[in-house]
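I've put the structures underneath this note.
You will see chain A twice below: alongside chain B first, and alongside chain C after that.
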Partner chain A sequence: MTSHVTPDSALRGVGGDGDQNGPRHSPHTAAATSSPPATDATALAATPASATAAASNSAQKFAQKSARGSASGPAKTRRPRIRYNRTESRWGYAFVAPALILFAIMGVYTIGYGLALSFARWNGFSPNWEWVGFQNFTDLLFGSKTYAPRVQAAALNTLWVCIAVPVLTIAVSFPLAIILNSAKRFQGILRSVYFVPYVTTGIAVYLAWQYILEPNGAINGLLRVLGLGSLTQPQGFLGNPDTALPTLIIVLVWSAVPVAMLLYLTGLQSLDTSVFEAATLDGAGWWRTNTSIVWPLLRATTGIVFLLNLRDALQGFQIFLIMTNGGPGNHTNVLGLETYRLAFLSELSPTLGLASALGWMLFLAALAIALINQRLEKRAQ
Partner chain B sequence: MVDLAPAPSARKAPASSPYTPKPWYTRLFNLSGKTVVGLVLGLYAVVSLYPFAYMVSAAFKTTEEVNAGNNLIPANPTLDTLIDTWNRLHFFDYFLNSLWVTGATTLGVIVIYSCAAYAFSVLRFRGKTLLFRLFLVLLFVPGVVTLLPVVMLENEMGILGTHLGLILPFINGSAPLAILLLTNAFNAVPGDLREAARVDGAGELRIFSRIYLPLARPALITIALLTAIPTWNEYQLTRVSLNDPTRYTLPIALQSLQQGDTVQYNTLMAAALIVVIPIIILFFSLQRYFVNGLVGAVKG
Partner chain C sequence: MKRHRSLTRTAALATTLTLGLALTACASSGDNAGGGDGKSLTLWTFKQTHATALEKTAEDFKAKTGITVKVQAITPDDAFVTKTQAAAKTGDFPDLLEVHSRGEDFTFGAAGLLENLADKITPEWDKNYLESVRNEGTVTAADFKSSQETGSKIAGVEEGQRLSVPLTIGTFGIVYANKERLAAAGITEAPKTWEEFIAALDAVKKTNPDNGGVTIGLKSPSTGLEWLMQPMGFGQLGKGPFEALFTDDKSKNWSSENGTKVLSEYNKITPYWMPGSQTLDIDQADLSFAQGKSSFLVGGTFTLSFLNQNGFDTENLMTFPVPPPADGAVKDLALAPFSLTGLSLSSTSKNKDAALKFMEFVSEPDNAKKFSTNALDLAPVDLGADPSTEVGPVLGAMMAAFGEAGPNTYNPGNTSYRPNQYDPGDVGALLMNMTPLAQTDPAQTGSKMAELIDSYWVTQKG
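Right, the complex of A and B next:
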């Protein structure tokens, strides 16, 4: 693990642009920013976990590139005026145009629309929006008798998921990566096998889980065979309000372990082996080496894994929609699912503004977590 | 899952050989470390594949057998369920729909964002940084916020419920990742090549298609994979946009099967298998790009 850059350096980092020859990009800054792990860019990236990793990586490449550029670039105070070649500029705009047009329609417009809608009351059919200011937000948080209790219950469930999924994912993937790293043969094929839950994540796999979690499904059967009959669930694991949420958490961890394991594995393989030799000479055993040396050295990776899963847990809801649809009795309702229900499953009630407001609150929560984490990391330095 | 409870007695014990620390459990169970490593790794492989084993098992069972019990090996394995799902339940059509949506999305992502990345990486023009930032902002907005506006917008444009209405938002959704990875890949191409080609009289299009695209092939394959797999599985937007069963993609067809009167798990699992098999084949045949892409992305 080497590269984690603050988001603004990621944003500053396009190579070769005129307003970008920022003198702050010395190789030193590139190196310095690489140590605080898991910044906003990592915390909030788009869906596939890889996106995040990729983002932080390329961000660093950009930073380095700019760094190289600035070494030969002009002095600190003067903002250079780049002379843009007219033909080259035209080609530039032409190359960006398709992406930009699509982005203007599907990105800018929809984000703006969603933001505006969060301040309005609308049922999706009436011709006009009724502007209500921040009332959607206050209704969701405490104002409304109908929605506030549901949102609070969903928030509690979300909190459980947000704590349990990252922690359990780390608890499984870190030892797994260490053990996999010590395997010389079959490492590649095992890594691929472990990856299957991640690449197949989706409705097909969730239905398979549903099938084996049925009252007379394979998991209950397995427990009986193992002599753990007392743990079987006669109503099925998803039918019992007490076990439904923990079960979904386990399935979420199962799909999250592959990427976390890969990140740890990469981190392990980039560690300097002389550290281990020194530790061994000092008499540290296997357990001690891993807990006192490897674990602290891979703290940056742990930060990334934690934040990635925290963000997914906060905003993701597909598994809840498919496997339980919030049931039994709203025991597995989470905030993402509540947003979805308000937006698409509330018939003619004017809840679209509420849905939008809840979505933006989730966004703000994720942002806040990322910022707090960044602070803590900085302080820990 | 992996039990690593500390063994206090073993903590401070010196390693048996100075350079190869033996795991503490070696001494506890008097097994070779290799055996334990093998056991743990094998166990987790079983955990990883457990639901898939039952998916395959149920898909090869008859309705009577799947209702009777959940033994892993079907007593009379039959292909009828799969064939029935494929033909009578129109999963062949849904498969083609999924193939079209995924293929078009992936192609769109590759074409549109390799062009954009070329501009961001190589060309100089005013406002480049601003545009680049604009695309990155997309990384920070959660999908559920834009879901509803996308549906509203497409309703007005008249493309709601069409495949185009899925493909366009899917392409746009992949923009940040694709632009980042591809700009990165193009940055790695030596600038001298471009200068040399220009001296030889090649235009931008030619330089782009003959030099940059071939050299960035691994990154293009990585992006194709990272686009195709989530698109193939996409469920949330598809579920709220598609109404016409002839346009269903596989995930939605699967969901509609589940919502039928009685859930027949052999049919459901056969359908799930049809959804999963192409991804697994794709992943295992191109995993070098997938895993290296991920690893490379993280390692920097």
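Right, the complex of A and C next:
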């Protein structure tokens, strides 16, 4: 009995070598059989152990693809094109028109307005904008001794947040989802409990965190009670420049874990259970099954979780505004907060254009990350 | 088929109507300004502690004139800025606004959003105000010159425009101390020098190790800089050398010997901060003092109303201005009162006459005194020989610290020596790295502050 189990070997168990009783129909595979390729897969999956190696290999490949599809959604099928008559089309257009028009006004107009503003100097009140070309962008990047150092320091903090938050969120939510998925009792209650941070996240919760983290707050109190007085922070966890940013990262992870966990749970429940049975037959333990089968099969979910959290980390600023306002002494300033401060907290200076320019740079960074992610996803597939 | 066509048309029409209605609802309703009937006005204020007092004044005004004034408090400051920005874009300004004097009034006025009051204030009305603040809200020649420079916040103002009238006066740099705790530590007299202040902090800290410290809302880093260090620095160096700290002259600015001297003196307060002061905003710091978590609080005349509102017994207060060092250039440091907030009239108001009547009503001595008492803040009128009878003993005692304009008087309202785009928040953040964060020493702090202030000068000089 080998202990070396890979997704391929597990799938071999499903597809041919180990399965003597025909295909196992999970709801997902049952659905997949409606399409011609899936039917092929079922047939191939039913191939007995004596089938040719070539047939077995192609079965493995397809089943692997199918399992991947089960983690990321149903397999692609070609649907017959439905033709609508003209009246139906008009009805359709009539129903989507309000959304389209509102988007044109609220979305396209504001995007265009924001883009134009990034080339201007304005304080939000004066009737005229002063056009400055690309100066706002160059000032933020290197040109201004007032703004460039601030933006650079904020960019460094943002980078830490962008790395730490997605990685830690995945590191916490993936195992949590696996544990919850395997819980035999109180599964619903436990899921609700772990989802509480998401439904309660907001200004009130951030303020509550402030109280917990202050010098005489619950965390310092708990550490003292546990005899870990040396770990307490006399200035509070947000008052020490060395602990303020890591603390905010932990709070961000705390509020991001519920959704990530839910995505993983959804992914886990859509996996073909026969994969696990096969792995068990192959002698894989809990650790090996999760690291060598579940983790690779949920790669698409991980990609989504990473990307969502990366985007939030890059653009979010509420928690920084409420809990530290970028302090103490600008040690937790991030690019999202810097944008907000340039727009609304600059003592009425004409810096709305700078704020808009910084917003666009953040957008471009987010776009670049999304494209890189897409590329990596494609390559992985 | 015909039926289908007619249904499609009906749907399209319904969609158009719905959208039209929705957009109309989104558009300016214009109801922030009174209806133009001269019988109702709207006033926006950014100070929660003034809202009730203004409402009471409005009740008296209605009883006298029949005109209703609806007071809306919009806080915090960034919410006020965004709300006014949106209102400016939609032409939906209220009739009246309470503004920071020489702040929003000049910025709004520069954008043409405010009425020029210069020819609307009669001499009788003008006489209501204390002479020292009578011209606050008026664009001076120096203001106009500064408005012409690159990046000015007030580009567009015209010399002589009067964009607000004073509503409250006061000053920064007032220390509030818990009288009982000071007495327990053997201190019954207010400290007269910076050294006595530090000694008082030390004594109270010894008797109250857990809550004997001093606090200030350092989450807004400008507070430590402007409310505490600057009055002390002014007293230490004197007017000229103090103002030179903000120039780009390396021999005189923060990176100079004078700068290091002031910063070193200020740094002596480091051991006495209430833990976590750097994470508190102004209200939270005030609240922590009111709740007894600290024994000293630095604020302004306006702080008293907040402490009172939050249940602190004002009888238990000892107040004194931030004192100068014993060997400082100014021995008898006084603080100049200046107009903290003012009232402005929107240029788009349809009720200008009624609004002007209300502005004058508020300035009339009896009404102003009443406002002072209700708001526990100082009105810009003559409160008589003994202000304590009008505004209570604590506020009255604070007024004793006020001095006439002169070389020994620190006026926080005078910012003419600083560059246009000077941001006290950013400079204050650098100062915080020295105290309370202890990340930089006075010399490093001074050179970083000088570097930042230089960058403002570079922008201004183009």
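By our rule, the second predicted complex is superposed on the first by the 275 of 381 C-alpha atoms of A that agree within 3 Å, B and C clash if a C-alpha of one lies under 4 Å from a C-alpha of the other, contacts with A are read in each partner's own complex, and residues count from 1 in each chain.
In this text, a residue touches a chain if its C-beta (ideal position, glycine included) is under 8 Å from a C-beta of that chain, and two chains touch if they have at least 3 such contacts.
Keep in mind that what you see is a predicted model, and the values were worked out from it rather than measured.
Within the superposed three-chain model, A:Ala366 lies in touch with chain B and out of touch with chain C [touch as defined at top]. One of chain B and chain C touches more residues of chain A, and that partner is B.
Once the two complexes are laid over each other on the shared chain, residue contacts for A:Val259 go to chain B alone; chain C is not touched. Once chain A of one complex is fitted onto chain A of the other, the partner contacts of A:Gln235 are limited to chain C, with no touch recorded for chain B. When the two complexes are overlaid on their common chain A, residue A:Ser144 makes contact with chain C while staying clear of chain B. In the superposition on chain A, contact of A:Asn330 is made with chain C only, not with chain B. Contact with both chain B and chain C is seen for A:Leu102 once the two complexes are overlaid on the shared chain. In the overlay built on the shared chain, the residue A:Ala218 is in contact with chain B alone; chain C does not reach it. In the superposition on chain A, contact of A:Gly227 is made with neither chain B nor chain C. In the superposed model, A:Phe344 makes contact with both chain B and chain C. Common to the chain B and chain C interfaces on chain A are residues 90-91, 95, 98, 102, 105, 124, 214, 216, 344. If you check the complex, the residues on chain C that touch chain A are 1, 4-5, 7-8, 11-12, 15, 18-19, 22-23, 77-78, 81-82, 84-85, 88, 103-104, 107-108, 110-113, 151-153, 155-156, 218-221, 275-279, 281, 421, 423-426, 429-430, 432-433, 436-437, 439, 451-452, 454-456, 458-459.
Residues 1-2, 4, 6-7, 10-15, 18-24, 33, 37-38, 40-41, 44-45, 47-52, 54-55, 58, 69-70, 72, 111-113, 115-116, 118-126, 128-129, 131-136, 138-150, 152-153, 168-169, 171-177, 179-181, 183-184, 187, 204, 208, 226, 229-230, 232-236, 240, 250-251, 254-255, 258, 265, 268-269, 271-273, 275-276, 279-280, 283-284, 287, 290-291, 293-300 of chain B touch chain A in their complex. Residues 87, 90-91, 94-95, 97-98, 101-102, 105, 121, 123-127, 144-146, 150, 210, 214-216, 234-236, 238-239, 241, 324-330, 344-350 of chain A are the ones that touch chain C when the two sit in their complex.
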